[in-house]
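Just below is one structure, and these are the notes that go with it.
For clarity, chains are labelled A, B, C and D in written order, and residue numbers in each chain start from 1.
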Amino acid sequence: MPDFFGNLLRMLRGPRGSDVSFLCHKLLSERGEASQTAVAQEVINAYQGMPPDKRLEFYQMLCREFAPEQPAILRAAADYQRAPGPATLSALTSAVEPPRQELFRRINTAVHGTETLVAMRGDLLALIEKHPELTALDSDLRHLFRSWFNRGFLRLERVSWQTSARLLEKLIRYESVHEIHGWPDLRRRLEADRRCFAFFHPALGEEPVIFVEVALTKGLAGELEPLLDVRAPVLPSDQADTAIFYSINNCLPGLRGVPFGNFLIKQVVTDLATEFPKLSAYATLSPLPRFARALLDQENTHGFTRDRLQRLLADFHKELISAAGRKDSVDALFHLLKDPVRHRQVLIEPLRRLATAYLTQARCGGRRCDSVAAFHLSNGARLERVNPFGNLRPYGLKDSFGVTVNYRYLFDDLEENHERFVRQDEIQVSRGLSRELHAVAKAWHTPGDKPAGQKKG
Amino acid sequence: MPDFFGNLLRMLRGPRGSDVSFLCHKLLSERGEASQTAVAQEVINAYQGMPPDKRLEFYQMLCREFAPEQPAILRAAADYQRAPGPATLSALTSAVEPPRQELFRRINTAVHGTETLVAMRGDLLALIEKHPELTALDSDLRHLFRSWFNRGFLRLERVSWQTSARLLEKLIRYESVHEIHGWPDLRRRLEADRRCFAFFHPALGEEPVIFVEVALTKGLAGELEPLLDVRAPVLPSDQADTAIFYSINNCLPGLRGVPFGNFLIKQVVTDLATEFPKLSAYATLSPLPRFARALLDQENTHGFTRDRLQRLLADFHKELISAAGRKDSVDALFHLLKDPVRHRQVLIEPLRRLATAYLTQARCGGRRCDSVAAFHLSNGARLERVNPFGNLRPYGLKDSFGVTVNYRYLFDDLEENHERFVRQDEIQVSRGLSRELHAVAKAWHTPGDKPAGQKKG
Amino acid sequence: MPDFFGNLLRMLRGPRGSDVSFLCHKLLSERGEASQTAVAQEVINAYQGMPPDKRLEFYQMLCREFAPEQPAILRAAADYQRAPGPATLSALTSAVEPPRQELFRRINTAVHGTETLVAMRGDLLALIEKHPELTALDSDLRHLFRSWFNRGFLRLERVSWQTSARLLEKLIRYESVHEIHGWPDLRRRLEADRRCFAFFHPALGEEPVIFVEVALTKGLAGELEPLLDVRAPVLPSDQADTAIFYSINNCLPGLRGVPFGNFLIKQVVTDLATEFPKLSAYATLSPLPRFARALLDQENTHGFTRDRLQRLLADFHKELISAAGRKDSVDALFHLLKDPVRHRQVLIEPLRRLATAYLTQARCGGRRCDSVAAFHLSNGARLERVNPFGNLRPYGLKDSFGVTVNYRYLFDDLEENHERFVRQDEIQVSRGLSRELHAVAKAWHTPGDKPAGQKKG
Amino acid sequence: MPDFFGNLLRMLRGPRGSDVSFLCHKLLSERGEASQTAVAQEVINAYQGMPPDKRLEFYQMLCREFAPEQPAILRAAADYQRAPGPATLSALTSAVEPPRQELFRRINTAVHGTETLVAMRGDLLALIEKHPELTALDSDLRHLFRSWFNRGFLRLERVSWQTSARLLEKLIRYESVHEIHGWPDLRRRLEADRRCFAFFHPALGEEPVIFVEVALTKGLAGELEPLLDVRAPVLPSDQADTAIFYSINNCLPGLRGVPFGNFLIKQVVTDLATEFPKLSAYATLSPLPRFARALLDQENTHGFTRDRLQRLLADFHKELISAAGRKDSVDALFHLLKDPVRHRQVLIEPLRRLATAYLTQARCGGRRCDSVAAFHLSNGARLERVNPFGNLRPYGLKDSFGVTVNYRYLFDDLEENHERFVRQDEIQVSRGLSRELHAVAKAWHTPGDKPAGQKKG
């Protein structure tokens, strides 16, 4: 039950501007309605001036004092049970809606309201693991954001060297997949054979919510280095036949769980197809963010290596050790990677097989371990190619064991691929990978396994 | 219970592009998720191509097929009663949310989505009186719109002679308080001693959602004619001390009930105060839209003339008849209004008294009859002046019996005025009107009546 | 010799802000150099505040006091004669340059400088017929303007319903070929099957310098009425195969003699060709501004009806009188024009023949009488069609006897047509008109006449 | 005499697109008039594709073939002598105008025309020292540019972190006074206590023609280091009382000799005064670009050390050698500068005295040696302060011996200062420097020297 007497006391005691709880109650009260934007501004100022350690109290206060009232819900539920109908349903709907939602909507009437609420959720998410009681608060914010950050309100804009330095600087800050090393690096990523697009929301001004970096290439690029090389020659745009989405970045942690990426990719594909009619393939060049952790996790504490995968892994470790003549397999791997020719030949097949098995089989707690794969496959993309030495930069080795993956977007297949993936957990793969998968399956002697689908192309 | 088998049949029968019900179900299904914007576009096209007489069926289909499911609600309600807590609350909240809301959010992912949904509600509202079963559907749309058209997402812009003809043409079309008679009339309303501001929403492009016309004047203007006269000389802006809000127009019927006017007035006052530091008063010049109907309604069929008001009215009619020497009071009124000098003197006091009584006393079905008064008083404005011959244009005579009212916005009093009005139904009036009210009260010998508050100014 | 002592006296007397002569001298002096823009502003203010009758004095002062100095020129000329070379040429060039030019360049450093100088020349041109001594002043301004209003500095912009009302209002004011009757008329001219383009100069802000109105039609339009009809249906743009330039207007009299029209037409043709690849013909629909005057001028006081043309005219007058049964031929013409069927048939051939002869033969003081024809033919267009009843509006009858002409722009022929016209005074005509011309020539029995060229198409 | 037969031959031979001489003649011919922009474009393309070593030939061709014709000039000069009057003057004026001017105006009708002509003059200036015969060509271009780049056509714009990276990159490239070391350095120069403004010309798009960097400071800044330090704290703008113009850069060599700087400074002062009403002083922080060369030039080969200055210099060298205990004075100077405390004390007075004497006395070939001083003094600024150790960066030591100068712009004195400087070669100095100058004069025992003026402040 919300703290009714506390509230009453607070109201009776009269205004105390600096008390954020008081301000929130005022904003929802009748008095506040007349000067909504002004009071909302005060709440925003109070929040922005709040030391980080006070924020937890603030969230807890919101959970406590602005939750739906249990007695009212019980009453409304009973009424509905007695006589289900529009009137009782409407009453029940009102009873379950947390007053917080209206509070947030009112905060949003002030300048920088949206920005503050997004920052608030960002801060909240950092605390939520330790404070699961804040989950309801988070749900309310996410519910609002899914409505406010609806694709219909997002504006796709190209980001180029013509863009303001202020915005470009944000890209440098927000790029977390392939770090941008200063302005010359950024500049190369905005040359004639590159494209960068971002979604903006009208209430967030010049702050991007998500952006994607695209390289126009000749053929499907599996290796990252040529794309990121600052001194790489610029490909004349009439020679490009493929668009490679090599980096997708969400900018605002507070918008986690609000879906943009899907729309961004599809919109950008549409725009590129118009600008470059010669493009015939659209694919990502993606990492396997937790692949290395999985391979190194011989105790399987993360729970994502299934029996057969583990067997494959054990074989791989043995091969590594024998090939490198070292005792420890990780040590062996890094040793082998250093040799650009012979040792690579030793590694290439086992690594591809392992990564393919991981992408198609590994599960953690019921979900696919690889969230990047889950994202693209759920968008309807297909698994196109696995590149064993696609990213040899330190972070690429550390996270993905150097492997990269291409997911390909074939527009005519998206709907069906998506549905098969979501409903039947069936993954579409290219013909090339299909053979690989059969090899994997055969190696395991596990004919009962559901094979991945395979389609033209 | 939603039409489960119907849906199933539909799904099994396979795609039939032109069937809007099928398209809506597809948009909410897994298949639709992969190509949301494309399917949403098809729904929009289907709606736009729908003949008006098919719309009712469409709304009924949405009510029937996309309503929350009763068994699920009953189940969730029972669960909550058994164990009230975050998990059961969350389940109950999900159960009561109509699938329509998600459907609308998905429609909104397409180009022109917002525009179509707003138009849809506009069409719906025209049918709702005869089809009260559509009320739930309307609630869902209004709920979404209150979130989407939150003040934080609206952009205030000045409209001037510098604005595109396309937008100005919309003003001519949307102005419904004081009709704009062609471009010269519009031009006069955008001269140096006039201002026009509109709210725009990013998803509606150049379509204004509400606009206000302001005249900068010397002293409080009570008469409309000098403000609307196309040939009126332009007041040098350094001579102006008052801003008169003489016309506020909502542009889109589909946004009825979504509050903007309040924010618009307050924002414009703020902006004008910056541009013209010499302004010392901000007031409206408003009509009494149903005053004439009330006065002529001697049988009180609309139920808004209370006993005492009716007595006052009867006196007024007698006075009219005796002053004009005619049998019928309406006839008499129009006759008297024609005489610019003597007869006016006869009418002026009774009309002001009557209008003041009407504004402060008259109620229809529990609410104040005068919705314009209710709007401004609820915003925290005070009743400043009643002008018996403020608008002698035909529509001014017809609707308001020629009377206009000034509501004044005094920034420091808004909160308190608002609260007193909302909580205690107490109206704040200027000192001048306060004396008038006492006279009215005295004339009625009704000491028990709650007097209106009176404040400085 | 410039008024040296007057200047000296003026300088000694010290500043007298309101004396524009003093200000001009100051602006050119060393003192003025330090605060050029400020002094230039004063000159501008002085000019703008000058009553019209003082302007003549002002121009005369500029001619007198800011002309090149005769003794200096004589000296420099003698020096050059003695030793022609770069140094003496440079000195001679300096000596002949009027100080006015530098004065104007300095006036142009102030805000609104260009605007004022253009207005100044506009005012000057209105006086010049009566005051030929101002010709040198006009030359200086025109010389500057030809440099400043060089095509490279002009910006072509489309004018549409999306344009600001302020600019559109200017179009209404500046349109002098086919008067725009208010906003609905303007609106029709900006519909989907119409285009309007204007040249703007960066120093003149939103003031257009010239604009053209274009209609997209099916086939070559010879009649004006369907193009100007406000209620004419809008032609779907994919049905249009011809662009008709039906009105070209110079906006600023002060820019007379500075060539824009040529560039405007060619640029617009280029832009339209990009937007509408289906367009296959570009032509004007032009008036014959002095045709009626020529026909009615039986005494040939204007000197432009040559013998043969006069004979043709006399025949035409006889035909008219006999066809209409009236005594006076003008009276007869108007009488005949009223009859939509039979009488037209009587007139059509003689009128076409007469107009064709006029366009190709008539000269006034050495030049072609028809300045519109001279403009388009000099641009390299060809005479395509003569339409006897192309413009029956009162001004069309009054100026052009109802006749309109199509000049066609065939891009491949422009250079050659232009050169033949300029060098050999040879006019290119369409095949249809070529036959007409032969008929005319035959009628006159004057085989020695230079025939107009004829080309494909 | 221009190469008449050559031209004729060329014309007869027919079009040879790649021959730029042919193209230029065509552009000026009648044929070219009809398709001016197209032919102009060809000339531009030909120039842009020309290898650097062919440019000299091109310029020489322009000089030879597009010069005014001597016989025609002689004829017109004789006519004028016989009968001086408007007609003969007009003929003479036409005869002396080089056809090049019209050629350049026609080149300018094409896209990128202005840009190409400016680049052309830039290239030309690099050759002119060795090829003085090209001077006339340069004069023609400069004459046109002074007209085209008139202040009235320039647009002042603030450059900030909000500006496009493309433009900011140009600043980095064009800054030649105080090199910008990459993006963080640039960013500091665009912080809240800095301003940057540039002039743009409409025909050059985003290419700046000149820009100025300003620091807002507390008190008159004499030392450069705190202004350029990337990590310097940002001064709150309400604490600033002085605007320091610390870097002014012309961007395009081709515009040398076209005056902008004067207008830029004055316009920026005006704009800053509006934005920051608290600013009370506007001054530069300027280098003495050839000071070091003058001091080291003991043989006075550059001819700018007058007797007395040389005596002063000799004293200075002696002082240096004695203070530093070194044999060579330059060596001694650099040795002394390394010592931050004691040795500086030794140097400070002699250096200031020397620099002050240099600025006020040194002349090279009749002009003041210091072009920066000449620029600001001619603008009407006064010599405010000499800062012996204002710029200890390597280039500051190398060029200016570490000295910086403040020139102060006092708006009320500009006109008079300018006039005194230009007419009487009189320099205005601050009270502080005035004392210094008296000391210098006294040290020299040369009472007959014209003392610099001194004014309030």
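Operating definition for what follows: a residue touches a chain if its C-beta (ideal position, glycine included) is under 8 Å from a C-beta of that chain, and two chains touch if they have at least 3 such contacts.
From a predicted model like this one, the values you see are computed outputs, not experimental measurements.
Between subunit B and subunit D, the least number of touching-chain steps is 2. Put simply, the C-alpha centre of subunit A and that of subunit C have 64 angstrom between them. Rounded to a whole number, the gap between the C-alpha centres of subunit A and subunit D is 54 angstrom.
Subunit A and subunit B have Cα centroids separated by 42 Å. Counting only residues that touch two or more partner chains, subunit C has none. A complete list of chain pairs in contact reads A-B, A-D, B-C, C-D.
Considering their complex, residues 161-166, 168-169, 182-183, 187 of subunit D touch subunit A. Interface residues of subunit D, counted against subunit C in their complex, comprise 30-31, 33-37, 68, 70, 73-74, 77-78, 80-81, 84, 86, 89-90, 92-93, 96-97, 105, 108-110, 113-114, 135-136, 139, 144, 146-148, 150-153, 155, 202-203, 262-263, 266-267, 379-380, 414-419, 422-423.
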